[in-house]
Amino acid sequence: MVKVGIVGATGYAGAELVRILFGHPKVALSVITSRQYAGVPFDQVFPAMKGVVDLTCEEFSMEEMCRRTDVVFTALPHKIPMEIVPRLVARDKRVIDLSADFRFRDVKRYEAFYQPHTAPSLSAAAVYGLPEVYGDVISQARVVGNPGCYPTSVLLPLVPLLKAGLIRSEGLVADAKSGVSGAGRSPSLGSLYCEVTESFKAYKVGGHRHNPEMDEVLSLVAGDPVHITFVPHLVPMSRGMLTTLYAVPKESVTGEEILECLKSFYAGRPFVRICPEGQVPSTGHVRGTNYCDVGIVFDADQRRLILISAIDNLVKGAAGQAVQNMNMMLGFDESAGLNAVPYPI
Amino acid sequence: MVKVGIVGATGYAGAELVRILFGHPKVALSVITSRQYAGVPFDQVFPAMKGVVDLTCEEFSMEEMCRRTDVVFTALPHKIPMEIVPRLVARDKRVIDLSADFRFRDVKRYEAFYQPHTAPSLSAAAVYGLPEVYGDVISQARVVGNPGCYPTSVLLPLVPLLKAGLIRSEGLVADAKSGVSGAGRSPSLGSLYCEVTESFKAYKVGGHRHNPEMDEVLSLVAGDPVHITFVPHLVPMSRGMLTTLYAVPKESVTGEEILECLKSFYAGRPFVRICPEGQVPSTGHVRGTNYCDVGIVFDADQRRLILISAIDNLVKGAAGQAVQNMNMMLGFDESAGLNAVPYPI
Amino acid sequence: MVKVGIVGATGYAGAELVRILFGHPKVALSVITSRQYAGVPFDQVFPAMKGVVDLTCEEFSMEEMCRRTDVVFTALPHKIPMEIVPRLVARDKRVIDLSADFRFRDVKRYEAFYQPHTAPSLSAAAVYGLPEVYGDVISQARVVGNPGCYPTSVLLPLVPLLKAGLIRSEGLVADAKSGVSGAGRSPSLGSLYCEVTESFKAYKVGGHRHNPEMDEVLSLVAGDPVHITFVPHLVPMSRGMLTTLYAVPKESVTGEEILECLKSFYAGRPFVRICPEGQVPSTGHVRGTNYCDVGIVFDADQRRLILISAIDNLVKGAAGQAVQNMNMMLGFDESAGLNAVPYPI
Amino acid sequence: MVKVGIVGATGYAGAELVRILFGHPKVALSVITSRQYAGVPFDQVFPAMKGVVDLTCEEFSMEEMCRRTDVVFTALPHKIPMEIVPRLVARDKRVIDLSADFRFRDVKRYEAFYQPHTAPSLSAAAVYGLPEVYGDVISQARVVGNPGCYPTSVLLPLVPLLKAGLIRSEGLVADAKSGVSGAGRSPSLGSLYCEVTESFKAYKVGGHRHNPEMDEVLSLVAGDPVHITFVPHLVPMSRGMLTTLYAVPKESVTGEEILECLKSFYAGRPFVRICPEGQVPSTGHVRGTNYCDVGIVFDADQRRLILISAIDNLVKGAAGQAVQNMNMMLGFDESAGLNAVPYPI
């Protein structure tokens, strides 16, 4: 059994990592850390786990982490990982980082939207952990920058079509809707039940940090600078993300070609499900799973393509994708630990 | 007191009409009809009204309706109103119809998306009941076709800008999100609590009948055929609608001009609130009210304009707007019966 | 117009007071204070109020409050009111306090569950603001201790029956369920959307401070010490409280007598609605209103009486009842400002 | 692999059976039937299952079912199973029935609350499928009557205490709260999203058919006729059930004895988790799992015992418990197929 550790196990993404890794058939979850809950049994923080997860949260110690693990997940606010990850790598650990710190190939772009990067060369050498796109390099990576939830939902539908040159790279729009767990587990007015329930709104319009992240990958794939117009919204639900994408197909491209392109790009990949024509995804269909469902509506009259993707923001948008990356890094089956039968509701 | 009646008072929009008209200072709600609940006291159908609304649902009778009312609201599935409304008008009643039957100036467009129209000339003579746009003709109208909820949320932000020529009429996108009450009160699998809660999806992509309705008005306003790409979504909440609009500003147009245009178009109108810069609307802020909040984000770099509108689909999107139309038809203050202080949450 | 002020206007109960008082036909809301939002326009804190409420939150100043108001509502955490209220009373203001500080006739009981009381004689002289029970003294009161939401929901069904000697005072059980707004607007882990949605739990079992409050009133009414077993629960909804009460009817008492007793006790009172036999209340039927609905099921075989009450915890359970008290203190109609037509959903 | 079939696989309990049995390591799900969806792939009815469950719903055929299965689950409205089950048993199939038809030892009691029983002797010979109580006979049973969700939540806390004689059998109260999925998947007004959200109510007070079911088992266990006062409520959530029980401890019994009794009764049983003192259960902690969490508050002063249980009504309250029964009937580990790591939220 490969020994794994989680730094930051009591946020929503961290706890989801615990859920998946504890049930994973090929790894042993050996260390979980939490600043806030150091010394507290995990099942006191998340009583659902009572009688199942018998781990206790620890204060982070580089020494202990290196001694007791082979692979480390860092589920921390950005800025902290760039301090920790280089030291883990120096001790020969494989690292999957869930923050933004190792997602950018172009460190200047990172610095324009976050802060100065203290490990720029490691960042440049890290791999962007979108397994369906960068699977070949992920398997060799020492550090994987696990994608943001919004970029995952935007890139999976667009990358194959941009690569194949079927759509124009200008005028792209991503209208994205997320559940509240994306805002994290720290108490804040905006995340209170009474402020969220029976209400729907946009937020950070024109200023969300996931925008440069998706732009970078889209630009790399398209071979030209791409800027996508991105508006995130908050849905009164805990988990789930649905993104509606608007694109202009290139001249003479048909709906069948679009569908065929997506189907063939994702052939054999277990976690991207292309909806049959006439069906569109729902976050309810991917809740708690690592799936990304993608649906297509082609408006031939108006020459407009609508793509809709649905993921669980905590699974394919965070912890599940991180484990999928680990599986590829360790040569396991891509879906190990991720293939429970979904709940019907 | 003007005597008013409601045909179809026990659907969600009909019941909302009862709420508003029963509390209206200048009218007396005299007749309410319901096929399903004929003979049943209204407060047994909606027990919230116990001790307040003392009316009993009646079977619809043209004779009774005409004898006991001056103004009639028809809140029925389309196709039925075009049978009833002409007879009410013939008896000199003012009518506000909440279905699609009298919304289209171009009867052929109606017939392409609904069914043959049996009162085409009355339809052509009816007025589209968007008070902020057609207020002058509404006050003279005998029949008002009350707008759909989606068109209301799309047209209020776009009409002033198209009229002023500040945005291009091509490439418009409306990504709209509605609460579940829009689906009505008839039991159906898709409206069950367990199918909706903690879930978000698109529906009727590329085929919603509100699309031709908004296209007609946009085309009339722009003076050219306009087709907007429209995708409706279902939000796990009962009331509320938020629409995110993507438009391309004409060359050299600035964000200030956009904001100024909207502010001056809606100056003095009580129910459209333009958000100050940097703020965006939330359906929570308009819940239970007749307001339409509109927010603007102007992306100067990408030459892209984002407009966001929020309404309560049952009030400004249905019953409230209907009463606003009635107020204008009867020469009352536009906001009579509609100006309760909103709930903070 | 009587001038009124609110100390603590930006919590959920305070904001609800703003809503009701701003729309009240007989008072002018002159001063609202908020420590956290001093200097901020109220409609920035609650954007629903934009264009309606034009007040700005102020830092509390005794001088200003006394100069510009006749009646003051204090909506603050307990302990603070007992400092402020005596000084307001000394300046001849009428005060309705929404905290626990002036709810107890027996100051020792207060001190056993809260802290030492610094205004014990004023507390003893204050009136418990349950208008349907203490209406006669409320009209003369200088200080009203507005009841807690749980006690309101427990006392309204039980007081008439205990007074009439129809039920035993031993073995009473109150199983109460509250919406999340009862926990207030301060960010806390337990009130986060993701921690509350799709979840139901009991809390503070055997230790809620509303228990001694209801015990005191029940004891006064019964003429003997009464202790009710009280378990509060948290419902995934923002507003509303439903309490299921279990009592043992005295020998030979019938269901009809119970129903008759309640009906006659509340005859002519606008805000208590006794459900007809076979119907039970729902919080949905009282949402946003000052009603308390009460339903009865009498199990003759088992000699057990079940009473169910439903209120909106922020209205009849807080701000609405406070305004009802003010109405009585000022000789207004009891329901002034509180009689909007309820929403059907 | 044991071959299993499900009659009625597209209701909520049936679909949950599909989820669990499809992922079960020791059985092969061979046949699923659905009258409404015969001929439709299961993953079209529940798109969450796309790419996972490749079964198609069939019309029920006794011949086919018997030919292709060893064990059959019947998840049907009561009355239908008593026609089908005897014929399955005659063909030597093991049957777990999720309706009420085989839950009663006393057929007369069944007939008083349902209808005449057409298989009374088989009913009397069936075993009540509460594994923690009747495990020894379940393993030998040919037909198991799977308990109702409410009885499960009531019996697990009470049975050990009644058996041990620690509480009185008179005056028991069960205040129970259920998610909406308990009402099934057939469209009905009362289960619509807009009728349920942000609302809480009691229903079927004094008339729920689960009352005689729990009374029968409590009476058998206590050795005397027991009638529990039972009030079910509807919570705005899809899954989950929390029951608050009020009991009177026998003289001199202490809280420690109560706790000890429950702990020892459930020692070694994987699915009943007794909360440590001071903690109480939440449905959120058992969501999607087969756990029943039980918490205790002992009020020594008032000599009153409060017990709180939480289950997922579709799992421990239906499909999970059915599979647990199957495991025992087939000699598998009790928790086979039921031990996934729970979700943190």
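A few notes on this one:
Lettered A, B, C and D in written order, each chain numbered from 1.
As a convention for this text, a contact is a pair of C-beta atoms (placed from the backbone, for glycine too) under 8 Å apart; a residue touches a chain by one contact, two chains touch by 3 or more.
Please read all numbers here as calculations on a predicted model, not as lab measurements.
Number of steps on the shortest path from subunit B to subunit D, with steps defined by chain touch: 1. Chain pairs A-C and A-B differ in how many C-beta pairs they share in contact, with the greater number at A-B.
Annotation: 39 Å between the Cα-based centres of subunit A and subunit B.
Per-chain Cα centroids separate subunit A from subunit D by 37 Å. One inter-chain figure worth recording: subunit A and subunit C are separated by 46 Å, centre to centre, where each centre is the mean of the chain's CA atoms. For subunit D, the set of residues that touch two or more other chains comprises 12, 181, 194-195, 197-198, 236-239, 282, 284, 287, 345. Of all residues in subunit A, those touching subunit C in their complex are 12, 180-181, 185, 187-189, 191-198, 236-238. The residues of subunit C lying in touch with subunit B in their complex are 12, 15-16, 18-20, 22-23, 46-53, 181, 197-198, 238-239, 270, 273, 279, 282, 284-289, 291, 293, 339-345.
If you check the complex, the residues on subunit D that touch subunit C are 171, 173, 175, 177, 179, 194-195, 197-203, 205-206, 227, 229, 231, 233, 235-240, 242, 244, 246, 280-284, 287, 295, 297, 299, 301-302, 304, 306, 308, 310, 345.
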